[in-house]
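By letter and in written order, the chains are A, B, C and D; residue numbering begins at 1 in each of them.
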Amino acid sequence: MDMVLVNLIDGLVTGLLLFMLSSGLTLIFSMMGVLNFAHASFYMLGAYFAYQISTYVGFWPGLFIAPVLVGLIGAMIERYGLRRVHQYGHVPELIFTFGLALLMEEVVQFFWGKNQLPYESPKILDFTLFSIAGNAIPAYKMFIIFAAMGIFLALLYVLTKTRIGLIIQAALRHPRTVEALGHNVPFVFMGVFGVGTGLAGLAGVIAGPELGTFPGMAALLGSIVFVTIVIGGLGSLWGALLASLLIGWITTFAVAYNVAFADILEALGLSRPADLASSAWRDLWTLTMPQIGPILPYLLMIIVLVFRPYGLFGKRDL
Amino acid sequence: MRTTTKLALGTALALGLGATTAMAGTVKIAFIDPLSGPFATTGTNGLAEFKYAADQFVNSKGGVLGGDKFQIVPFDNKISPKESLIQLQVAIDQGIRFIAQGNSSGVANALTDAIKKHNRRNPNDRVLFLNYSAVDPALTNAKCNFWHFRFDANADIKMDALTDVIKANKKLKRTYLIGQDYSFGKAVAAAAVRDISAKIPDMKIVGNELHPIGRVKDFTPYARKIVASGADDVITGNWGSDMVGLGKAVIDAGFKGPIYTYYAAATGITRTFGAAGKNIIRLVQEGNYNPPASKAVDQYVSGFKAKYPNKDITQARIANVIRMLKAAMEKAGTDTDVVKIAYAMEGMQMDNFWGGKLLMRAKDHQMIQDVYITVHTDEGITHPLDNSKYGLRTEKVIKMAGLNSPTTCKMKRP
Amino acid sequence: MSPALQLENLSKSFGRTEIIRGLNLDIAAGERHAIIGPNGAGKSTLFNLITGRFAPSGGTVRLHGQSLRGLSPYQINRLGLSRSFQITNIFPRMSVFENVRCALLWSLGYKYSFWNMVSRSRALNEGADAILDQINLLARRDLPAGTLSYAEQRALEIGITIAGGADVIMLDEPTAGMSNTETDYIVGLIRKVTEGKTLMIVEHDMGVVFGLADRISVLVYGQIIASGPPAEVRANRRVQEAYLGAALEDM
Amino acid sequence: MTDRAEHPAARRRYGGLTLGAVAPWVIGALLLAVMPYVFASNSAITIMNQMAITIVFALSYNMLLGQGGMLSFGHAVYMGVGGFGAMHVMNWMEQGVIALPLPVLPLIAGLFGLGFAAAIGIFSTRRAGTVFAMISLGIGELVASSSVIVVAFFGGEEGVSGDRTYGLPVFGHDFGSQTEIYYLIAGWLLISALLMYLFSRTPVGRMANAVRDNPERAEFLGYSARWVRYYSFCASGFFAGIAGGLFAVNYEILTAENLDLNTSGTILLITFLGGTGFFFGPIIGAIVFTLLQTVLSLHTDLWQLYVGALFVLTVMFFPGGLAGVIMMHVPPWRYGKVRALIRPYLAAVLPAAVGLLGLASFLEVLFHLRNAARGEEGMTLLWVHFSSHDPLVWGVIIVVTVAAFWLARRNAPALRAAWDFANTPPGADEARP
């Protein structure tokens, strides 16, 4: 029972980290129709910037400076890159961000090298908050939970209580109408892209010490973020939150329990082949849940797309 | 239009590939390993070590066979088997007869197969495969062939040494095995289970699991299981970011016992573990220089660091590859006839530069050498890694590890 | 003989809003039938219900007596019903000729075949050229359809609609946004290409409607308030009150 | 980017084989036949084999992206499944289970690819656009992950290897040498390219274009958009499978690499770089990319940075890809105005190219300065040997780069004017309305 609690906390941390990424992506995707493949690259950029800042002035200033820098870079890329490609249609836009992801990984390697960087959580949070059955819960994990909650509440406030939030919400549901209301749509797009990538950068600043700061960190997280927003559905902040938590817990619990497929197969009344080593089904009989844990979200996504193409909580079609 | 494209292609091909003419008096060694992409650090580090070893042991000592110099020719295989096979062909066309490769057993498997077939189909330009790092046991067992020589201790030999040390530590009663879900990870786990049950009957294996390679974002759930299992020690063959992620998560979760690893050092890993990994992370490897075995070793490592300030000697065996190749050429009296050189290398014995002896076992072309169990620490470190305070200090040396280890290899000789 | 198109008690709601409310209409074979009505009356929705783009909430559509319930647009098209769109709906990156040729494929029995070469079929290519001739676009044959002028694109749209040889043709505001001369040109075109076929047309331009239609139905708030020959509809008091008003005085 | 399928000369002469239609294929076949005599070295042949395989794969990808409007992030899966199937059959040939001549193997691989595509397509082609793209990503990730789990078929990380020389001999050839394999692959390249070209000329191939442009309108022409996509998808899977079979025959090994998302992403990159709007676009893309990958990577460690930059710039400025750039010059050529472009090109494009080279040199020198061994200051760039620590070198590179870009910028308006002029039909004073 203690382990369930520990896993719930760990899954929450994973899910909330994912949410910081997916919230920005879902804003961008819903408004601009651009599935930003480079989103996780901005997350990586956030971690690298924060590392560089932390070597001069420590962790905390980086928490604020790095996301702003990333957001500015994101806005510049929207202004001078994406807006240009926009006229050719959605597929070239998608391909542009795809190429951008490749390029950003190379650029990061050019400046910071290919090694893992020693980007660490601040000393003040470097202690064990409490332990459950010998399992330590570091204070930094709690910090992540609170930071992500803070972001969610702030986003919710901006989207539901402010004027710009109402415009964005309208644009999420009816992308064409905002233009008719006389708003400067390119500027709104640039702003949304900047804020979205800035959020990704913030996620990088916070996740860098926890999950490691290395050139592969974007690719590792890249596609799972799309999976999250596709499952969550378009234009829904709540959808993004719930899908993130769902995936966080699925991947955590799949690893935590060694469910063997052999047990399932036997429960189904199948009998284990006598000569397992030469059976064509040997891999199925030796499979365990932790082996496939990380790919379960993809399976979930395919099922969702086939039966509910607008996602679990989506308000309109992809 | 199509014609011009093909013409352009032709020019480019001619420029790119044909521009090398074999210089007489040079022994070229193709270094086929990742020089770009995520594993480039390991590749470029190995390349520097090869160049340095060739300079130190051959070129600055008057060359081999009366003056022939060693030249290391780098080829970027992007850690892809397909690219490796293309670069192998390019290397052979440039007249290169010695192929050095190490990163990824998958690539080594592809190369050893391809070289075997190439040597059978093209008896006039046969090549030797100097495997300096790929440790999948299959390469010197089921898949062994006359052209392949392995200079690292294979995964089984290292595990044999490791379990000796674990057996000696009476405090360790419960072991947890975790590794990447692919051939090497599985080989490590299988060897651990075999050796522990044979040698340490009262040891309990409390966990034995594989995780997807390079796809785990957060190792915390794995760490939780390890802590919850009450394990005293952990054995893992993980490398790269999977190693860092696992190690950090396990330490963060409050684990205090030793973590026995194969590849948890250098290329940023030592610096990242830093104080957290002190006296917890342990490595099994085929050579170490803290403390240096001799003045020559000390000078060799210092010299390398002076020349490559951002790199480290991480693969001690590379020095032995160059030394043994040179010795075999001198014994065979040729630096071109690879069959004679291979015969000379079979069963060859010589001093190990890092201390002790070397034996290239004839029956499976597996190098037998001392294996070291080392610990990640900042105490008693002469040569730290990653420009940090931390490095690896020798805790135990197993002399001529795996000298009598069995092999299923049935070597066919030309 | 059953009517070419028969709507029985047809209804459609979006959420709580009822757009089409229990609509009944028969259109005889060979008839030219116009649907008129104020904006938001549900004319386009009606088209979409008949052609299978939307599923009706209630009621039935029959084509030559056969119920279309549950059929997809492509299945309905194969039964001999073809439509055009209010917003120009062509294949912009393909050539004008390709546009028409694609529209001919199914009716000539090519289905999903991947063993016939389209360039080798005389019937296909001559048929496509014949239709281009009919809609006066032969000179524009090899241009990308997206580069045509607006009127030409509307003509192409009609060409694509009639190419498959369907005997029931539905045109959704074919003259929308056109100048007078362009409108005259398109009306002539429609008259020519729908000779001998059943035509159902939605139109705002009363000149077009009264010049073209044999019968007119007036759709207001999802119901047909009047249906009959032009003169009868023109005289209908309810129609005048509800919709036509001053527009008719000008005629 | 229209499909210029109908040659104006062929107007009203339906179905006739014109010289213009046949000539490219004959020239292509002749070129393929003489290439091994021009580039006889094994490595050149190996690289040409790699190119040919990539061409087949890229063409099959363009059946989806260019002709069917389906953006796939998991196309490697179909090539991989075909290749692994072929490897197993090859091993059966070695064990004597079945006896087949080697040249048949790619066909079998194609059937594997077709079978897998037919199964996946049932649900993935129901919708186009983002839904299709994301399902393809999910399938790609699932299959790539299972490559190390389902060892029985995919052989784990080390893959499945075999020996191609155990097939039935064909006219005395056992296909041991690279040259024999080259001709086998070249033959299959020609056949598959021709078949893929012809596919685009069939009713279902034409409708694939229609569905790409406007799926809804296609539905009102009697065609189900979903089934049109499905048939294109299956055909594409078949040819991807053939590419996998050719890979198996050439390398005699397939590994997890063949299935992973990198390979899928690379083929998207190749196809887009070459140009999706024209049939020959992917061919150019495959040739250029293979050269970049194998030859450029021999000369610089930064090659991936350059490829990434090239790709992003292509998407931004030439969405039609290299083929689009080539075809942009067809109208000036027809109008006989190409000569008017030469001088502006020399004045603007040449400096721009020099500027880009200067930028690359700057990166190379910076990279060398930061990464080379102590004491090894010398480096060679563009056949010039110098020290990366020499301020003079830095000065020269910076001055040349800045000057070149300035020149290109200054001459750009002239190029634009010349371009407009060259694209105006002779006799017409203003452009077509």
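Definition applied: a residue touches a chain if its C-beta (ideal position, glycine included) is under 8 Å from a C-beta of that chain, and two chains touch if they have at least 3 such contacts.
Keep in mind that this is a model prediction, so the values were computed, not measured.
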With chain D excluded and the rest untouched, write the groups of chains still joined, or say one piece.
-> A, B | C
Greatest Cα-centroid separation from chain B: which chain?
-> C
Ranking B-D and A-D by C-beta pairs in contact puts on top B-D
Closest chain to the protein CA centroid?
-> D
The distance between the C-alpha centres of chain B and chain D, rounded to whole Å, is 35
Chain A-chain D separation of Cα centroids, rounded to whole Å = 31
Here the gap between chain B and chain C, centre to centre from mean Cα coordinates and rounded to Å, is 74
So, what's the distance in Å between the C-alpha centres of chain D and chain C?
-> 43
Which positions in chain B touch two or more other chains at once?
-> 40, 181, 212, 215, 310
Would you mind listing the residues of chain C that make contact with two or more other chains?
-> none
At least two other chains touched by the same residue of chain D: list those residues.
-> 145, 149, 302, 304
Can the chain contact pattern be summarised as a line, a ring, a star, a complete graph, or none of these (other)?
-> other
Every touching chain pair, please?
-> A-B, A-D, B-D, C-D
Contact set on chain A toward chain B in their complex = 3, 6-7, 10-11, 13-14, 113-118, 128, 131, 133-136, 138, 210-212, 214-217, 220-221, 224, 251-253, 255-256, 258, 288, 290-295
State the interface residues of chain B toward chain D in the complex, per the touch definition above.
-> 1-3, 5-6, 9-10, 12-18, 35-37, 40, 44, 48, 75-76, 78, 80-83, 85-87, 89-90, 92-93, 105-106, 109-110, 113-114, 117, 121, 136, 138, 181-184, 186, 212-213, 215, 306-310
Quick one: which bits of chain A touch chain D in the complex? Just the residue numbers, please.
-> 35, 81, 84-85, 88, 90-92, 94-96, 98-100, 102-103, 105-107, 110, 223, 226-227, 230, 280-283, 287, 291-292, 294-295, 298-299, 301-302, 305-306, 309, 318
Which residues of chain D touch chain A in the complex?
-> 65, 69, 71, 123, 126-127, 129-131, 133-135, 137-139, 141-142, 145-146, 149-152, 261, 265, 268-269, 272, 302, 304-305, 307-309, 311-312, 315-316, 319, 363, 367
Interface residues, chain C side, partner chain D - complex | 51, 53, 72-74, 77-78, 82-83, 85, 89-95, 97-98, 101-103, 105-107, 110-122, 125-126, 129, 141-142, 144, 149, 160, 164
